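Dropping the structures in below, format is structure tokens.
Two complexes are shown next, each including chain A; its partner changes from chain B in the first to chain C in the second.
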Partner chain A sequence: MNNLPSKDVGALENLLLSGAALSIIGLLIVLPLGVVLKEAFAGGLKLWLESVGDPDARSAIKLTLAVTAVVVPLNVVFGVAAAWALSKFRFKGRSLLLSLVDLPFAVSPVIAGLIFILLFGRHGWMGTWLTDHHIRIVFAVPGIILATLFVTFPFVARELIPLMTEQGSEEEQAALSLGATGWQTFLKVTLPNIKWGLLYGIILCNARAMGEFGAVSVVSGHIRGETNTLPLQVEVLYNEYSFTASFACASLLAGLAIVTLILKTFVELKSGRDAA
Partner chain B sequence: MSITIQKISKTFGSFQALNDVTLEVPSGGLTALLGPSGSGKTTLLRIVAGLEAADEGTGGQILFDGVPVTDDPVNRRQVGFVFQHYALFRHMTVFENIAFGLNVKPRGERLSRDEIKGRVFELLKLIQLEQLAQRYPSQLSGGQRQRVALARALAIQPKVLLLDEPFGALDAQVRSELRRWLRHLHDTIHVTSIFVTHDQEEALEVADSIVVMNKGGIEQVGAPNEVFQNPATEFVMKFLGDVNVFHGRIHNDTPIFTGELKDENGVRLLVRPHDLTVQLYPGAGISLPAQVYRVLTAGPLVKIELLNSQNNLVQVHIPHAEYQSMPVKPDQRVYLVPKESRLYGNDNARIEYVI
Partner chain C sequence: MNNISSTVRTVSIAVLTASSLWAADVTDILNVSYDPPREFYKDYNQAFNHWYEREHGGKSIKVKQSHGGSGKQARAVIDGLEADVLTLALAYDIDEVAAKAGLLGQDWQKKLPHNSAPYTSTIVFLVRKGNPKQIKSWDDLVKPGVEVITPNPKTSGGARWNHLAAWGYVLDRELGGDLAKLNNPAFAAQAADAQAKAKVFIADLYKHVPVLDSGARGATTTFVQRGIGDVLLAWENEAFLAVNELGKDKLDIVVPPISILAEPTVAVVDKVVDKRGSREVAEAYLEHLYSAEGQKLAAKNYYRPRAPEQADPADIARFPTLKLITIDEVFGGWQKAQKAHFADGGLFDQIYLPGK
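Entry: the complex of A and B
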């Protein structure tokens, strides 16, 4: 703000603009967060603990953690592989693949969920075969995992592609010329160079995997204690007018958001310092 | 270890980067691949290293000491490769960078920790950077980085050392210092080396042998003196220094540079600026009329710019003493007499002639 010419933009305009920005942030972000926390603890800490400790809530927490534990590592592998291929090599169909990586961002999460219903649902393309073999995908945990995988796929790849493109492949070539195997090159040269970007991608992927609502809502079937993730549990409780319990669960997600932000800032600081 | 390059071709899409190149690099020498950008010199170097594959089906081969290595991938070819932009591992210290090639060896062949340390410090001593072992690449100057890159390549005791424009990214002063240092280093370790450069001065100063490349092919191979004094083609002559070009034709077996120019039998006389003398009257052999345009006396040589009868700019460099014995002024009409010159015909090859 110091480099704004003070003659053109007077102190008043400056104040008005900053005030507007601050009030928008306050209104849209700080206030709702405050409401969530206030409502969650409206009945005191004891009630909050009870709400969070409720068997259905605990099952939702467990399911959310389990889905995240499967999805994040898989997307790390997919994301690194996709970023590696897209940034270090030039091949036919590269730009098509590059747009495909972005597809989950472009598609509404509800549509993403619907895709899996159409594929694996009872009347879907593979429905009969799946029923015959007693495999359940939609309205079960595999469906939730697939939907979450789809929605969170771009986070790691998107974070790494610009970074790896900028770094080029000369260091890898140097490592190979020094006798390193492909795997050694990846572990000792590529991975250390992208570690902060990768961590950043993992944090974002993790936050989205835990918080995903739309796609999961379509494929989950909302079976309490079985296929309800934490965000779905919040909705179910809210619809039943169990506001305190609903907000208690919501406060867990809000806490996750705050932790994510702190970690994100830390990684940004750290990677900025390493790059300097 | 000698390097044999046989019938190597390389195309990128529709661009022919190398066209049937065959070259023998003798053991223990320091050879320069010299050429303008796009001449294929870096591609050739990368193919020798195994970083790039030559076109298949042309029977192209790379041999080290007579043994084909064409099918060996880069990590089994045991070449030391130095990149133009260093390509140091940015998250490793100088020590770790140099030790990398020793640390990635399979367990059976790997040296002990102490032996690796000893070897790295030997190399650090060679590049005179012992006190910087714990620094990171970002904390080094360009010249220091390139020396570390060289030490890293030498650590694996490579069969051959390949350098891709090793001084290209450095400023002029560091460059000439590092050039001398590389020559000295090569005289100490005698590993067969090839370096790529587009700087003819660098090639002439450092190399034992120069390979001049143009448009994916080799124009001439020879010792620096040979290439400079007897350029085989017009391209080599032009690329190795400033030249003046006089267009003419052959008449009765004698080149003529006055009168009307015809395309058939067209020839070009190439003369370096320091091989021309300025005279007030025509001489017995070739004398080219010209008009003085500008005289620059600041500098180690007097530079005279003239316009010839075809209205092309001609440069003459003469020592101050010579100029003072016969000064000229702008607009004065004079005659240019080549002390040494080379004549080239339409096929780019040199023509012998007697004045």
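Entry: the complex of A and C
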């Protein structure tokens, strides 16, 4: 259909568009990432190792890993359950539930943190009861876990809902009519169908859980060596004029981002091939 | 696999310790502090631990630190952050913890010497090397083309001292250096006129402020790292630290002829230490600030010690002498100052118009 001149314009537009996209990515993503790595190793590998091996930094790394180890499995269970309910069944209040799943995306992380202060703080709804029973939630590890759980909740569910809706429930119904139990149906039919989407959701959830700053900052209390996660530690070090140490910790988070990206690409390739 | 099980163990331990912290025989206390004294308390905690070990047959105490804007930290303690001791920027923030959460008695400030302020500081100017805008005193801050950096007095303790120091300067100027006139009915008209002049001056001053950071350290970073502004109103200790950490070749300290005596105060949080059984350690921790060792470390970290004779003379020599007004003589104490200047609808709200 196209005549020659318009084709040329198309090529030019393509060139301009992809050039613009590439320079935006370069400016906003690749360049800052490079700066982080450059600054982190500005003092040499030895200083980097010292910064990362500092007791407060190590405790921040441990806390971040521990929080992620709790949050990601819980969100896998919640996410799969929510996606299952929302995509395979039609029921009253379904669209309301669908919106609720998205709520953490819509709410600013700072507000998410404040919600937990209002609930579990000394003057919160449950504050008196918790104080009487010597249970600490906010300004302690449980609060950090709750805040991270809230913020990362949609990642798995959001990834699975479109996938499971598209797949429909015929295969499950077939399995059930052939005498499989509900659990067998889930393990042998549903799970293999969603495994790549699920993995993709887990990777995103994991990355956000390790990187969350706002909500965690509100509920953390900033106790060094105890309730400072890795992102908070980066800020602490930066404010103490320890720029190299700060960037060293930041480089760990950047490293995680790169690993996430590689895993994500791998999963996308793999799922594409499986589908084909 | 090993990693996962060890992180799971860490979490269960963290959850368990979180719920069993009230157990007796404390080995740690939490010091909730404001922004600038990070470096001081790092030094002091180590010294305190050595001292405590010597005094108590080798029993060691780990002091955990939390730092942030003074008002924000007070808020966190009110909301449930379990501080054994508070070391905040000003008495009002500890008053708030006493009033809003009832965690310590209203008379807390009488429990330790010198208004419970073991060290003091003042407000000075930090300028670019060579002082290109020739800023020497408060009047120079409102000269055309001068940009001033100061944090938000709603959240920052340092910013409130900055605001009151500038205000006090105008009163002093208008009353010919005799601040006693403020409380003398015979000079009521002159005092009222001075207050009106001060309000105009501060309103003008805030017009020269391009950004209000939430804490003192944030304002320092804005001025030094981001290169915004011609002069930073800063704690004396913060100014010294910035010059040392970030380059003697980039910044100069200017000490105005008159400023305010800033008294960062400390207190034991009664309800928390009684619950945890940490009263003895917490009290020793604060009292040791007044010892020769505590005073020496304060001076080393650029705080003016209450007992200068205990500190290193070389450290003391770094502090220039200047006229220091006090919050009690000029503003009638923190409660009154807070209400008049920083409460909702107070003088700051009347004066500060963002973007003007």
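Here, the second predicted complex is superposed on the first by the 258 of 276 C-alpha atoms of A that agree within 3 Å, B and C clash if a C-alpha of one lies under 4 Å from a C-alpha of the other, contacts with A are read in each partner's own complex, and residues count from 1 in each chain.
Definition applied: a residue touches a chain if its C-beta (ideal position, glycine included) is under 8 Å from a C-beta of that chain, and two chains touch if they have at least 3 such contacts.
Since the model is a prediction, treat every value here as computed from it, not as a measurement.
Chain B and chain C, once both complexes are superposed via chain A, fit side by side. Contacts of A:82 after superposition: neither chain B nor chain C is touched. Residue contacts after overlaying the shared chain place A:115 against neither chain B nor chain C.
Applying the stated contact rule after C-alpha superposition, one finds that A:149 touches neither chain B nor chain C. Once the two complexes are laid over each other on the shared chain, residue contacts for A:134 go to chain C alone; chain B is not touched.
Set against each other, chain B and chain C touch different numbers of residues in chain A, with C touching more.
After superposition on chain A, the vertex angle at the CA centre of chain A, spanning the CA centres of chain B and chain C, is 150 degrees to the nearest 10. When both complexes are overlaid on chain A, the residue A:181 reaches chain B alone and has no touch with chain C. The overlay of the two complexes leaves chain B and chain C separated by a minimum Cα distance of 29 Å.
Contacts from chain A toward chain B in the complex involve residues 170-171, 173-182, 184, 188-189, 192-193, 274.
Residues 62-63, 65-67, 69-70, 117, 120-124, 127, 131, 134-136, 138-142, 145, 221-226, 236, 238-241 of chain A are the ones that touch chain C when the two sit in their complex.
Chain contact summary for the complex, chain B toward chain A: residues 49-51, 73-81, 83, 85, 87-91, 100-101, 104-105, 149, 152-153, 155-156. Residues 3-4, 7-8, 10-11, 14-15, 18-22, 30, 35, 38-39, 64-68, 76, 78-82, 101, 217-218, 221, 241, 245-246, 275 of chain C touch chain A in their complex.
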